[in-house]
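Scrolling down, you'll hit the structures one after another.
Shared between the two complexes below is chain A, which pairs with chain B and chain C, respectively.
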Partner chain A sequence: MQFQFAQQGLTWHDTYFLAEGLLNTLELAASATVVGTIGGVVLGWVRTVSVTARVATTPIVDILRSVPMIIQLILANSFLSLAGFSTSPFIFGTVALGAWMAAVTAEVVRAGLLSVPPQYGKSARSLGMNRRQELVYISLPLAFRTALAPWINLVLSLIKDSALAGVIGYVDYMRATQTLITRTHETWVLLLGAGFLYFIICYPVSKYSRRLERKIAV
Partner chain B sequence: MNGYHFYWSTVWQSFPLMLAGAWVTIQITFLAFIIGTVIAMPMAVARQKGEGWAYRVSTSWVELARNTPAVFQLFVFYFGLGAFHINIPSYAAVLISVSFNNAGYMTEIFRGGLSAIPRQQMSAARSLGMTSPQSFMHVIFPQMFKVIFLAYITQGIWGMLNSSLGMLVGLQDLTGATQYAQSVSFRTFEFFIVAAGMYYLIAKGLQFSALIAFRLMYRS
Partner chain C sequence: MIEIRSVRKTFGPLEVLKGISLDVNKGELLCLIGASGSGKSTLLQCINGLEPIQGGEIIVDGVSVHDPKTNINTLRRKLGIVFQQYNAFPHLTALENVALAPRVVAKRSRSDARALAQKHLDHVGLGAKAGSLPSKLSGGQQQRLAIARALAMEPTYMLFDEVTSALDPELVGEVLETMRLLKAEGMTMVVVTHDISFARESADRVAFLHQGEVCEIGTAAEVIDRPQQPQTQKFLRRERQASLDMLERTVA
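Moving on to the complex of A and B:
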């Protein structure tokens, strides 16, 4: 008797699998964005005000930016496992993507803070604000204006990079697509579906950020 | 560390394999950088023009390259073409997809640079009797590269980072070779930390040599 595979073609149940993958992609991107942005704002502020901190953190920022994300993911996965944190791929992905996001956001935040004329800060201080008030009410809002568009671009990079989380076993949209391609061999439908999905997430946002860039440049 | 014992000797045994992988990575980085540049130069001019079929083609290229994951682009060229029984080696697939990505990003970088060149430069070149391509090659592009140099080199490094996706299609680049080497002993951490160090050195080496080349070219 010849061996026969169970049903191989695409079925409607697979859309559920893909939807789950999409949800996982968005969850990972969102959590890495939150972690990375909070870390990046703190790191960027520290790097702006203290020369010592800048010198001390430069190698870390530098390394995170010149090592491929796929290797950072594998390292986060294996290192955290060695260190005894046997948690989910979601956490590993958040750590790796969040660390990268923090490093690049720090530079954007620093550029934003440096774009605030020093006189503004001094005026705020002379009006009787303390350093924290000056930062929260004067410098950060002004820095936000400059940093917003580049930050949006970083979030888009993060969403696209999260497609690599499949390497450490996280079933994101790309991984779900790959799994279905392996089973059904409907390569083009699934692959173009994935491309289309990432495109409709990223395209409007990147259009918006470019408009924002132009508006701020004027 | 939970009694984990690091074994570095297995890494050194496979080090020649990783070095060969690093060489593949450098090749792809360099070639994709050149191919991307050659494609991006006319595309940037077309984008600058703002109309016509060349504008539409290059705009679609730019938006596709910038708004989809690099891994998707690689899969299209490897598995996508494979589904049409066009089986290209993984080396070619990685080279094509990284070049595609580079060209898209570089077009936007070049366009930004072109808009920084005063219009009169073009008129002056044309009035000296140069043809349009000549004015671009001898007058406009040399000035443009000076403006966009840093962003341009950063894109080259991005290309190198993207070439690491070769691992996913079985290419023995630095990441792929490391993955292959560690699959014998499963000393994942040791192997990949060494690979990360090598990537860092390659990135710094490329940045440094690009800076030297820039200084030599624009000595003034």
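Moving on to the complex of A and C:
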């Protein structure tokens, strides 16, 4: 009986596997963007208005910003496993990528808020608006205009960094690609395909942000 | 009525207001004049609580402005203020600038607020600019927009903080015209100004502030044409010289 290796060439069936990976990548990137942005806006606002909060949150922001994502993912994963937490790789990836996104978004938000000239806030207060109304109707919309371009940069980084979530067992597009490479050794085709797909995801985001920027220009 | 009672205001070691007392009566136009640093702008910002005070009391229609129990946001609806820098909200059209506070502070419906805003834009002669962003407006138009925005809260008092100082000379006229219109309609106004001729023709009373104190107060004729205090005389002489110099520069 002839022995056959399990190694096979690419088949059409593999596109399902890749499509699933693509879907997982999109889901993880989207949820981490939402979680990280909401967290970042709150954290950025708190860090702008309160010196105490700024001092207290600086170490965590600095660590999240400065340690490579792959190390954060591995360390946090091992630590949480040892501590007895078990959760789905999707939730875990969302939390880890979202935490990074929140830390870097917070600084973009802070810069945006600081860029709003104080006279607008003063005008708003003089019309009887309270602090919350001033923030919602005046400061945040103006800060958003300054922060949009750098924030889009962060979203693009996040989409690409989601490719690292394979190390915690999440089968995203990159992990799916690696699995197929191991089996088929079609390294070139698969990696070029992956690069192309990440480009296809990111390009519309930056294209749309440029259109939005023009639309809200003051 | 606005009652200002021995108000003291310090910035660190610097005492800007040294116990100022004066009243603003309903329907009058009171001009505050004085050199830079005399405390006139600071006093104006204390009146609507934008600046805290360290002593004394300011009472607007029987309510103490700096009392912690006072709801300052409610009180501010009575006190419209227009600043030196044009600070129309840059991301909102002229109409939205005026309609915002009536909608979110006075809780009017969206359509109500927009109708009210259009009325006030028409009032200051900006009816045709309702859809323009502030960046498309001239300095004079932005200042009139700021006046319309304050008026839309239907204040009892209007405070003007050197509203023409940052304007090109040819744009000053239209803003003063709007202020004269308000005066003719009976609005109570406190106007901080360097424009002595505006003070002389429009003010019911003029207060000359010198180093954080009211040095001289009276009708425009008394204070500007027959000043009694040597500081007032000196200030007015210098202001006349400055405006003559400017005239010469403009002609040359």
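Definition applied: the second predicted complex is superposed on the first by the 195 of 218 C-alpha atoms of A that agree within 3 Å, B and C clash if a C-alpha of one lies under 4 Å from a C-alpha of the other, contacts with A are read in each partner's own complex, and residues count from 1 in each chain.
Following the convention adopted for this analysis, contacts are C-beta pairs under 8 Å (C-beta built on N, C-alpha and C of every residue); 3 or more make two chains touch, one makes a residue touch a chain.
In this text the structure is predicted, and so the values were computed from the model without any measurement.
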Query = Touching A:51, do we find chain B (first), chain C (second), both, or neither?
reply = neither
Inquiry  = With both structures fitted on chain A, tell me whether chain B or chain C touches more of chain A's residues.
reply    = B
Query = Touching A:67 in the superposition: chain B (first), chain C (second), both, neither?
reply = first
Message = Which partner chains sit in contact with A:120 here, chain B, chain C, both or neither? Use first/second/both/neither.
response = second
Task = Check whether A:216 is in contact with chain B, with chain C, with both or with neither, and answer first, second, both or neither.
result = second
Message = Per the contact definition in the header, classify A:138: touching chain B only (first), chain C only (second), both, or neither.
response = second
On chain A, the residue positions that both chain B and chain C contact, one per complex = none
Ask   = Along chain A, where are the residues that touch chain B in the complex?
value = 62-63, 66-72, 74-75, 77-79, 82-84, 156, 160-161, 163-164, 167, 174, 178, 181, 185, 187-188, 191, 194-195, 198-199, 202-203, 206
Ask   = Quick one: in the complex, what on chain C touches chain A?
value = 48, 50, 73-74, 76-77, 79-81, 83, 85, 87, 89-91, 100-101, 104-106, 133-135, 146, 149-150, 153
Query = Where on chain A is chain C touching in the complex?
reply = 117, 119-120, 122-130, 133, 137-138, 141-142, 145, 216, 218
Remark   = Counting only contacts in the complex, chain B reaches chain A at residues 1-2, 4, 63-64, 66-72, 75-76, 79-80, 82-83, 157, 160-162, 164-165, 167-168, 175, 188-189, 192-193, 195-196, 199-200, 203-204
